[in-house]
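Two complexes are shown next, each including chain A; its partner changes from chain B in the first to chain C in the second.
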Partner chain A sequence: MGEGTSLFEDAPEIDLSRGRLDLALVRLRMAWRTLRDGWAVFVESRIGVLSLAIIAIFALMAFSHPILMATVWTPDVYDPVTGYAFDRFEHPSPPDWRHPLGTDSLGRDILSQLLFSTKSEFILGITAALVTVGIATTVGAVAAYYGGLVDSLLMRLADLIIALPGISLLIVLSALFNLNLFYLALIIGVLGGFGGTAIILKSQALSIRVKPYIEAARAAGGGHFHVIFVHIIPNLLPLSLLYMMFTVTGAIFAEAVLSFLGLLDIRMSWGIMIHTANTGGYLLAGANYWWLIVPAGASITLLCSAFYLVGRALDEVVNPRLRRHDR
Partner chain B sequence: MSSPDSGPLLAVDGLNKRFPIGGGLFRKPTDFIHAVDDVSFRMSAGESLGLVGESGCGKTTVGKLLVKLLEPTDGSITYRFATPAMDPHLAGPVETSNIRSRQLGAFRRQVQMIFQDPYESMNPRRTVYDTIAEPLVVQGIGHVQERLDRVSEILDLVGLTPAGTFLFRRPHELSGGQRQRVAIARALVIGPSFVVADEPTSMLDVSSRTAIMLLMQELAERLGIAYLYITHDLAVARYMCHRIAVMYLGKIVELADTEELLRNPLHPYTRALLSAVPSPDPTRRREPPDILGDLSLPVNPPQRCRFYDRCPLATDLCRREPHPPPEEKAPGHWVACHLA
Partner chain C sequence: MTNYLLRRSGQMVLTLFLIVTLAFFLVQAQPGDYAAFYSLNPDIPAEAREQIKASFGLDKPLWQQYLIHMKNTLTGNFGVSFGHYPRPVIEVLAERLPRTIVLFLSATAVSFYLGFFLGKAIAWRRGGVLEYAATISGATLFTAFTPAFALMMIWIFAFKLGWLPVGKFLDPLIWRGAEVTANHVFSYMLATAAAFVVFAFLTLLVARKSGRFATGRLPFLIIAAGAVAIPVAWAFTGIGYLALDILRHMILPIATLTLISFAGTMLLTRNSMLETMREDYVMAARAKGLPEKVVRDRHAARNALLPVITSLVYSLIFAIDGSVIIEGVFSWPGTGMTLLQAVRSEDLPLVMGAMVFIGLFSLLAHVIVDVLYVYLDPRIRYQ
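Let's turn to the complex of A and B:
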């Protein structure tokens, strides 16, 4: 998409004699070009790039934990759940070179906890996002395409889910079931997928559904399945990707709230770190015991905003009308 | 043109399409738009019929009914394809409302449509190859190599050469005329015997309009395709079609051979349309079209002649009597008017 490259030189040539293989190659090349053009727009947004860098740093943190545990950290001291810093006389103890972020009230290393939790936050966020968007895209496309009764049923279901207060519902569910990270991701995903995100994607699907190329596909002999999955959903994917980012934010936030309230069956997470500080009574004296609260709190804030801002930058890629043309 | 014993390729009888206005799950709609109202005509194989009328008169609805994108409220559309040996599903007369899913594919191979807006009738994310090969893919015709060959062959045919440079462009990399060529290629790629062309040139620049019209005509002739050419422009219809049907508010008001219709228009609406065709001669004075008011909406229309409100000749008879049935005033020249 026009950053100076000529249309004619850009169109890939194809050796017609090789059939499937060559077709796949050409498609791969075109996908790569789309990606490259999208990236060119994405990097124009400084905040988007910064946020992506933040996410990358968190990803590195997630990978570094098992490496550190296997090399320099001894498990009996540095294990995020069962470790105990024997070299300290009182806990929580402030940061020093051995424990860069100090220890918590139970004598466990905060940095180790922080790094260990990062991985679960990613798993949670991405699972929830995939489930949400997978469901919401299908529901939106199906509701928009069929209309009528199917549409009414799916949209009333969405209204019902939106009307439920999310966090309170999760609290009730956590009382009924032993919620671990995976189930939490699944529940958040299903609620989002059949709820608000479905409505947004359906409204987009409606505007696609009335395009003449949908009729053209039907006139070509395409069935319902073909039209939905080949024409409607691919045109929804950019918006889906966007809402994936926003869902990650929501999922991490929900996990933090539930963990803080002590309602999740999780060994360690950022929310649990703050929960531990709270049960020890250190939350109100936060200024004196900042290392108990700030690392986890800042991580939650940073990662949530990073995913959200990447979403906003992607919005510009996906939605050319938002692009600024003054540069 | 048509093989003598096979009868007409297409017979449309008493075709009706009403769209309900309002209504809901528990509420029956009370008002209907009579988009197509008791339309009947015949077409033989290889013939071209122009369907002319103002915007909103139901031309496109007729087209969509013919390709089974819409189901008629009433009446029948019967095809009699010339190549029954090719497809056992299509032997004998095929009535569109009776087509079952098994037959639908075979039907779609015979009847195709070219859409009005080349900018909107192609999925922006799919390449020219994807778009043109779509009928082949969804019908499961051929393998990748065969489809590639077929698509490049048809690209050559519609004048997008060399085919290799066009196969993997996306629609936004093509001009309006090129897109419409792709649309034509998509309609022709599975070798239909009947094509509905819904104003294929109305969205194009004047410069590419003639080229597209020529192309369509040439291809239809070469491949022996019958087509219904929907347009609002009598001049275009004259150029493209053997016969012309003039439509007004869901009714066909006049149907005749092109030259006969232009030389001897019998319906006041046809005359008004003809007088609205611009003349290249600046010195020629032309009388203003003697037609009153604006196109009215076909919502629950009264029984009388549809053209009554705008007709310069309307008499008391026209007000009292129901809409006149079409009468054959001259051989092959049908008019629906009390006064003609």
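Let's turn to the complex of A and C:
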């Protein structure tokens, strides 16, 4: 545009790159404020904070295993799969100061198995949750934005997946094929992502789609792709985070059940620890061999319910209608 | 309303079709040849082998096999089980399906009622001790590792206390001299239970229609009299002790399944109630001076019920999956345990059959929820 043709001759010159930086800063500040307000609501729920602490403890446990293996534990004795406690004459042996949770029927240290498995549970849960939420958020946003045929197809697919009994399907899959941790996480993620989570995120996306700022973005010349990924999906993220928590619970639970049935191709996990105790015939011995079942069983229940309860506390942050008082 | 139900049933048929397809291709895709499984199984005599090969078209290309399989499935021919040779798959499954249905239905009914009752109570008195206790214990049971929890129940009630049998469907020692089969007795028990439910429902319906009668205790007394009459009648049939044996074996699995699944309904009802309690009509009901209990049960809880019913499909699937695990742990010979045994022994025809049956089962549960939803939601009923 030439100098003479401009309508706003005395308008201040705008440095576009500087404006972008300012915009980014404003967005960052707003995100920070949302986070801080959300945290304030989250902290009100005592159960939520307690559960978060439990998750943090499990995370510490996961980190502690490689450190312990490198420093005080010799691999010959303490390896979770191939170790053998030479210092005991019979296995399973009860807890003492060298083996704080005792040994299993094959002479392996239970505490080492427990700590080693924690890492894989986290990897499994988080991978499954990321896959689920990645797919579900995209599917939900796309279905809500385009509507029509795309919407019907995706939602009928979701209805179909909801109707499938997941654990039964996973039992068949893991029995017929060699599933390892990664494939399991992928399958759980895909099933969840195209299933129930997609429906919930779509209904949320529908209410975002009719907001004025979406129309404004379209009027300003934003393409479909731009509107979906820059305007709709970021507003779906809080709800996505919530459903990530529930997916983690489901994934850890599914892995434990399949391992318990002895159907997975995994070296060590909490489910396998109970499976070992079960096939050895120690389960109905109950309190006599408690260290074979209680640590693994309690870990599964604790970690699953911690993620689940954090999800429920987040629900009160995301859904203002559930809050105790308005903010 | 008819439109809605027709559309839903159309979707269900499509879903069933896809489940059959999925089961077929999963079994085809697994390492190892399905046709070879049939023809190499030494338990199957040569002439039967040829007959099976021909009827399933195992020498034909895959797409033709698929079409034949679909036709066979639709006509109820699921093939012959490897593990239970020479019994056909459909016979094995038909024998076991009622046991799963009973386990699932009674656990779902009890856990739904319990969950709804507790959910509205903890929402009404928010922040109380009851809420913390119910939320934590509910969520713990809900996310508890089902096999370990079931084993703990067995250990406590069957092993330590010795009140109930450890597992299985019946006690062979009691049944040794019996002249009737277990399924025979079980189907009579099912018929009795169904008749009782219809009787109770009709009594309540008549009571509600005829005004004054409803306010008294009479309908409940009639139902209670019916409940007392049933065991007395069974005691005179001569097979009452056999029915009692099955009943004793049922208690522990049903209780376990109920305990692990009530929390879903409870926590959902709580959230739904919290949203409903903010509505103006609840405040209006309070302002009218209605008793708290009436406001809670008649005004808030009735409206909070609808989203809970909508989400019932999720808890149904949870309960179906849970019953597969529980059947495995309790050795309860239903469809779920059949599936577990079949996948472990590579009894492929039975795997496909059991998958289709479990899928069919969950679809039927969906249809029931849909009908219930239509009945409860006037917006759909009067469309």
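Criterion: the second predicted complex is superposed on the first by the 295 of 327 C-alpha atoms of A that agree within 3 Å, B and C clash if a C-alpha of one lies under 4 Å from a C-alpha of the other, contacts with A are read in each partner's own complex, and residues count from 1 in each chain.
Just so we're on the same page, a contact is a pair of C-beta atoms (placed from the backbone, for glycine too) under 8 Å apart; a residue touches a chain by one contact, two chains touch by 3 or more.
A quick note: this is a predicted structure, and the numbers were derived from the prediction, not measured.
Judged by the touch definition given at the top, the superposed model places A:I274 against chain C, while chain B stays out of reach.
Of the two partner chains placed by superposition, only chain C is touched by A:R312; chain B is not. More residues of chain A lie in touch with C than with the remaining chain of the pair chain B and chain C.
In the superposition on chain A, contact is made by A:D159 with chain C only, not with chain B.
Of the two partner chains placed around the shared chain by superposition, neither chain B nor chain C is touched by A:M245.
When both complexes are overlaid on chain A, the residue A:A175 reaches chain C alone and has no touch with chain B.
In the overlay built on the shared chain, the residue A:I110 is in contact with neither chain B nor chain C. In the superposition on chain A, A:A216 makes contact with chain B only, while chain C stays out of contact range. Look at A:P234: by the touch rule set out above, it reaches chain B but stays clear of chain C. Remark: chain A residues 46-47, 156, 159-160, 162-169, 171-173, 175-177, 196, 249, 253, 256-257, 260-261, 263, 270-271, 274, 278, 283-284, 286, 293, 296-297, 300-301, 304-305, 308-309, 312, 315, 321-322, 324 touch chain C in the complex. In the complex of the two chains, the chain A residues touching chain B come out as 1, 7-8, 10-14, 16, 19-20, 23, 26, 30, 149, 152, 211-213, 215-223, 226, 231, 234-235. Interface of chain C with chain A (complex): residues 11, 14-15, 18-19, 23, 26-27, 29-31, 126-127, 132, 135-136, 139-140, 142-149, 151, 154-155, 159-160, 267, 271, 274-275, 278, 313-314, 317, 320-321, 324-325, 328, 336, 339-340, 343-344, 351, 355, 358-359, 362-363, 366. Residues 25, 64, 67, 69, 104-105, 108-109, 112-113, 115-117, 120-125, 127, 129, 134-135, 138-139, 143-145, 148-149, 152, 164-169, 172-173, 183, 186 of chain B are the ones that touch chain A when the two sit in their complex.
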